[in-house]
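Consider the two complexes below, in which chain A is the common component and chain B and chain C are the respective partners.
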Partner chain A sequence: MTGLKKYILMRLISLVFVIFCILSIIFVLVKFLPGDPTAIFVDSRFSPEMIDMQKKLWGLTDPLWVQYLSYLKNMAIFDFGRSFFQIQPVREIVLEKLLNTCAMMVPSVILSVVLGTILGAVAGWKRGSKFETTMVTTSLFLRSAPSFFVGILVLMLFSYTLRWLPSGGMSPPGTAAGFWQTVFSVGFLKHLILPTIVLMSREITGPILLLRSSMLEVKGSDFLDILRAKGLSEAQIIKHATRNALLPLVTYVAVMTGLLFQGQVLLEIIFAWPGIGREIVTALKDLDYPVAQACFYLMALTILLMNFIADLLYGFIDPRITYN
Partner chain B sequence: MKKMHEEYAPRSWEQGMDRRTFLKIAGVTGGLLTMPGIPLKDLLAADPRIELEDPSYKSLYGVKDYYLQDPKWVEQTLPRLQWPKAGERVPEISVLTVSENPFWLDFMRKVAEDGKQIGLKYSLQQVSNARWLDLINKHLHGDIELHPSIIRPERIDASEWLTSRAHGLDRRNYGEWVNKEFDEVIRLQSAEIDPKKRLQHIWKGQKIIAEDYYIAQFGWGPFIVEAYNKNLWEGIVQSKGFGIASSNLFWTFLNIKPKTSRKRLIVGSTQLIETTNIFAAGHRFRSIGRMIYDRLAYLDKDLNVVPWAAESWEVLDNRTWDVKLRGGMKFHDGKSVTVDDLKFTLDFMLKYERGIFYTANQFLESVEISDRGNRKVRFRFKKPYAEFETYFLQLNVILPKHLFEGIMEKQKVGDNPRLLEIAHPIGSGPFKFGPYKKDVEMILIANKDHFAAPKIDELLYVVVPSVDGMLGRLETQEIDVAEETYLRPSQVKPLQKIKHLAIMRTPDIMWFHGVPRASWLPWRDIEFRRAWHHSIDREFLIKVCWEGEGRIPTSNTFFVAGNPWHNPNLPPTPHYDLKLARQILKDAGYSWDKEGQLVYPPPTDKKFIERISRVCKEGYTWGGLKMLPRS
Partner chain C sequence: MEMSGAGRGKSARVRKLSFLHWPLESLKVIFQDTLGAIGLIFLVIFIVMAFLAPMVAPWGPFDVVFNPDKSVRRLLPPNPTNLLGTTNMGMDVFSQLLYGSRIALVVGFFSAIAGALLGTLVGLFSGYYGRWIDQVLMRITDIAFGIPILPFALIIISVTKPSLTIIILLIIFFLWRTTARVIRSQVLSLRERPFVWAAKAAGASDLKILFFHIGPNVLPFSFLYMAIGVSAGVMYEAALSFLGFGDPHVLSWGQMLNFAFNAGAMRNAWWWVLPPGLCLSLFVTSSFMITRAYEQMINPRLREI
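After this line comes the complex of A and B, so read on.
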């Protein structure tokens, strides 16, 4: 077996173990949340047999170890059961919300990474310049500002004052359609602008600052002198330097993407975006265990997967890295 | 009411085991705790020392998993039934507040601060709504249960509050107050079908609660203040207690007319429906579902009962009614609504439904088509039923027989209609279910064939999760009105500057109250309750928490001035007077220790002993928990 294949196999095995631990922790945390999930919808005038029937249906009357094993089995096959509160299958609920969150996050992530890389690389290359100072100061400022605060400011300016852009939702009222129809509509693009601006304002700062620091290290490398001696242009040299400075960014982007896909609850409320963040908060508030468990599980899987991808990408980006 | 609990025979109270022994066993057996079949709760709960003055109330206290069958309830209750020793302090007053309603905490902090002046220490805990519901349902909420009114058409009936919050056998009587004269009044009013006579009983019930210093009304309100786009719309209807944009009392949605060519009314809502299954409906589909599934009767804007799907009804005797179905009605798929659909619906409910419809239908004995030609259906109840118009007819829907017949078997859901998948609800209501995107928007299409056909073409609900977002969209005209979003003065002020918005204030019938734990010390002492009532600064709630948008209650009753059931002859609400509160306590035998904390009267104080045993005002009879025997 080659080194890479062996590495992948070892990582997959450890991934399974980590997932098992995470699932167990999720089970314990959610199960031991104080409160009775039937309380939110059950009226005390309902017949006792109905309340009992409901609890039995949800498996809440089974012994804990039975509930745990059943839970592990269902999670392994991505069968999340039905929502206590909304009755419909959890898979449908969560998938829909996850897609909505992706619709908000993906453009922001891509734009943040691409623009942030370019700006950070140039800032690092032009050490001591006004450009670098401006980039660093602005990045630190934007990084410290809470995104919900920026969101409110942006709404006040562009929606309520200038009336240029809509104040929330994914599409114009009355035009809600399936996910793909919505995403490929002009109305969606208009609705996407403000959340993207707000998310980018924060997320672009990471790549800028990271690339700048990384570039400062790479800038003094010998290989750049050789490239200069070979007669390459400044732009080409920056390109080569950037490629070498990218490594730390790979990990950062992987982790950032994983975290972002947990949803931005406050932004989803401000922009009335029906994403996974709001769904998790609602599920926890209403003690809707199946939804809460499914959301946490998928979030954990996303982060683990992104980390795994980052580790693999390392080898492609930097040929010096091997998997022996 | 007794029948609700009859199937739960009281557990043998002699089988109880004390907590210490249980914990020893649990420690030894460890993993056996999760094995099925071991009646652990039976081992711990049902403490035989806890008794009732009137054993006929045992059926409530023996309910499975609650009260005596709940170790936590027993653990919390026992110390409060023990005779205080000499010099013993009145314990901390524990209160739960809900995080979604911050004004509860603000208000109780003031109450707690004032409480210090009379030697009371409060413990305030903030929990989520779900947790609060869970704890109050189990009666684990502590000393005072705070509650706002949540109004629905079927909750306009007096029983909904009088019975639920104060009857000795109702689990929603969170103070566990058992006044036998009151319960007798409730029994009489629930069987009295003459409205005038029934009203007299209801007035009496309110009087007893007020005289016994049981539930403390903190405030009537808050006021219903809403905004809508007056440049685009006219024909707004203000429904008492519900406002201008309520899905529960949707007169505005029927009568509103556009001033422009747009015939789609856009309504902002913080939440859409939880489900499209009427049996599994939570608060949202219960309200929005009214526009899809016709009820048999409805309320007009002044809360008078009016015919709806039922054209008329006739009393045959005190437990039998003939209901005449309105002619010409059609379901949204074009099929006619017939008496067969009505009979089918009630038969279906009786057979399968044990949720919200059960709260009315459990009293129904039979449903028969009495006169097919004249579209009459006969309802016979198990006993005289006073709530026929104001609860039964308000709650029940008409399901399409051609769609629901055999549905349980087809969808293989056993006996549980909550599991039915009803992707597209078909009713006969003034609006049809249209395109729906969960947590985003929902369109209801006007049913132009309905007897109360809306003047608009469509109702578009748009989800706006926050009130501030709602106000912003009103300003930008992205929505025309906000559903059941009651504004505070600080929110109204900036809106008043916006030319296209009209601010409407509708008379309310709402309240916010506190229920003391009458079965526990110190609340068993009517003098303590009286003093406590005088320690509540209601003006603070109205002027500070509600920013002036409310009324100080003139009397301690749920049925605020303006409510059809209001008794105008009640004793006035005890006024806020800490000196008087202190004096009452002093006269009652209480004292204060060096740290200023309130101390019980001495164990030899006969008047105190007598009051604690009687609990109720002189002349009334306590039937609830007894104090433990003196050691």
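After this line comes the complex of A and C, so read on.
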């Protein structure tokens, strides 16, 4: 097992190193952003002493390396300071938005993976059938259509023309409630349908195509012949085959989830969903830099973490992989 | 464009593997695959559209269309004068669509070619020389992989002025990383092959081996990622423009969608929303089909045989 432990350690070190570099890049970038960070709380009519005092309060007079170190420390403990615009501290704002994004993403991911796996496995098993060709062609088309256009189309059709479903937001307007109360309400479900359809239409294609090609490889395996000789039914054999075909899917899901976080910016804007993607866009437009910085950091962190988990899972699940 | 033997009959002459061998060969393969052929046809249509835009488009992309009585033709559905209707500012949608195709092609091809080139170079040097060059370049690629594309682009564009150049540079920055990794793994396996040893024994310098022996063999992958890059590049430009971070001087399809969305046109002006979106989808889909057909050629495991 020492090979595995060493592999995990190497990946962990690499992860920390990359996070550190990205944090530094963000720090440098934010320093170059236009706009004076003191403009919000310092009026030009203040006396020079007052301005100096304010600057000292916010640590803006410290030498650059001191700012850098305290920045690193804050990022590590997730202390993001206060927003330039909103009253809450940044950490609360960003956390809430992150949860909202997850609320949109998680149902789609689960549904896509479950349905996609089944459809893909069947498609791969029934090689050459009409079902398979339809699945593949539809998946290819769905996969390449830009998701934000599909979102606009769906909105135009179901919300504006047919008026079946709400056109945006996470819950019916006027219902101010905590996260968990919102999520378990009926209004939320109605608002969830359209974004989920759009997300799923794209995300389901991944597992379908992946499972299909994976299944094609497994189908020729010897162990299936033995199972058939044992007298198992076709359905049971498919189940066994699918289990072996699942390996690439595991890493795919982990990576896909990480990537979804940034792709959702567009969908969140279209559906006016108060998630972290929309937050970073509005924060940048409003020049609310603490929020923008925190959002970016969390997004990068999520992607890196999911990649790291994918690497780990890949190591654990396949006993054939060895490390040296 | 010397093809030395290729396409000149079934002679058994040994063919020199020129740099142009692969693209022409791949064109043949793409036509054999139905979806790839459809994709290629659409791409050609877009290229023609882009070239003919200044001649065919009745107005410029930002020109306001007036009635004879000097009133502005706002938000009109398709009519004989404005084939695809007008925007809320009175601009002709059809003309905008045609000019948008130019942007799509420019962004797509420039960023794809540059990105694939950069990625290939990085992959070649990293894979061949190994050791510390490899480590350094791979660490940089790792960091690039960890940065979320869209948010990073948003921040950079907030720092600098929004311009097409910046967007193209950003896309190149992100296209390079996947190409580099794939090319590197190819080079790693190729450099142990006998033909490389033979070249070394014959006294070829490292650079010569890289570019004349290993290089042509990784070219298929470079082209593959270039094809992927075209669709990815156009998508990112559209996404950035749609979010409002695009170049305001330039009218891309994403920019059209941005204007339409902000004007609330989704509720009724389908003629403004659907054409750019459809063009985007078609462009990306056709590039994707071409990519897939090409991928089937270079990766035998994917073949539908």
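Rule of thumb we're sticking to: the second predicted complex is superposed on the first by the 261 of 324 C-alpha atoms of A that agree within 3 Å, B and C clash if a C-alpha of one lies under 4 Å from a C-alpha of the other, contacts with A are read in each partner's own complex, and residues count from 1 in each chain.
Operating definition for what follows: a residue touches a chain if its C-beta (ideal position, glycine included) is under 8 Å from a C-beta of that chain, and two chains touch if they have at least 3 such contacts.
Quick caveat: nothing in here was measured; it's all calculated off a predicted structure.
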{"item": "Which superposed partner A:48 touches (first chain B, second chain C, both, neither)", "value": "first"}
{"item": "First (chain B), second (chain C), both or neither touched by A:222", "value": "neither"}
{"item": "Partner chain in contact with A:262 - chain B first, chain C second, else both or neither", "value": "second"}
{"item": "First, second, both or neither for A:285, with chain B first and chain C second", "value": "both"}
{"item": "Partner chain in contact with A:63 - chain B first, chain C second, else both or neither", "value": "first"}
{"item": "Partner chain in contact with A:85 - chain B first, chain C second, else both or neither", "value": "first"}
{"item": "Partner chain(s) touched by A:234 [first = chain B, second = chain C, both, neither]", "value": "neither"}
{"item": "Partner chain(s) touched by A:144 [first = chain B, second = chain C, both, neither]", "value": "second"}
{"item": "Partner chain in contact with A:96 - chain B first, chain C second, else both or neither", "value": "first"}
{"item": "Interface residues of chain A shared between complexes with chain B and chain C", "value": "34, 155, 160, 269-270, 285"}
{"item": "Residue ranges of chain C touching chain A (in the complex, touch as defined)", "value": "35, 139, 142-143, 145-152, 154-156, 158-159, 231, 235, 238-239, 242-244, 257, 261, 266-268, 270, 273-274, 277-278, 280-281, 284-285, 287-289, 292, 302"}
{"item": "Residue ranges of chain A in contact with chain C within the complex", "value": "14, 17-19, 21-22, 25-26, 29-30, 32-34, 137, 140-141, 143-146, 148-149, 152-153, 155-156, 160, 213, 261-263, 265-266, 269-270, 277, 280-281, 284-285, 292, 295-296, 299-300, 303-304, 307"}
{"item": "Footprint of chain B on chain A - complex, ascending", "value": "34-37, 39-50, 53-54, 57, 62-65, 85-88, 93, 96-97, 155, 159-160, 163, 166-170, 173-174, 176-177, 268-270, 272, 274, 278-279, 285-287"}
{"item": "Sites on chain B touched by chain A in the complex", "value": "4, 7-8, 34-36, 63-64, 128-131, 133-135, 137-138, 164, 171-172, 264, 266, 274-275, 277, 280, 282, 354-356, 358-359, 362, 415-416, 418-419, 421, 435, 437-441, 443, 460, 462-466, 469, 472-473, 475-476, 478-479"}
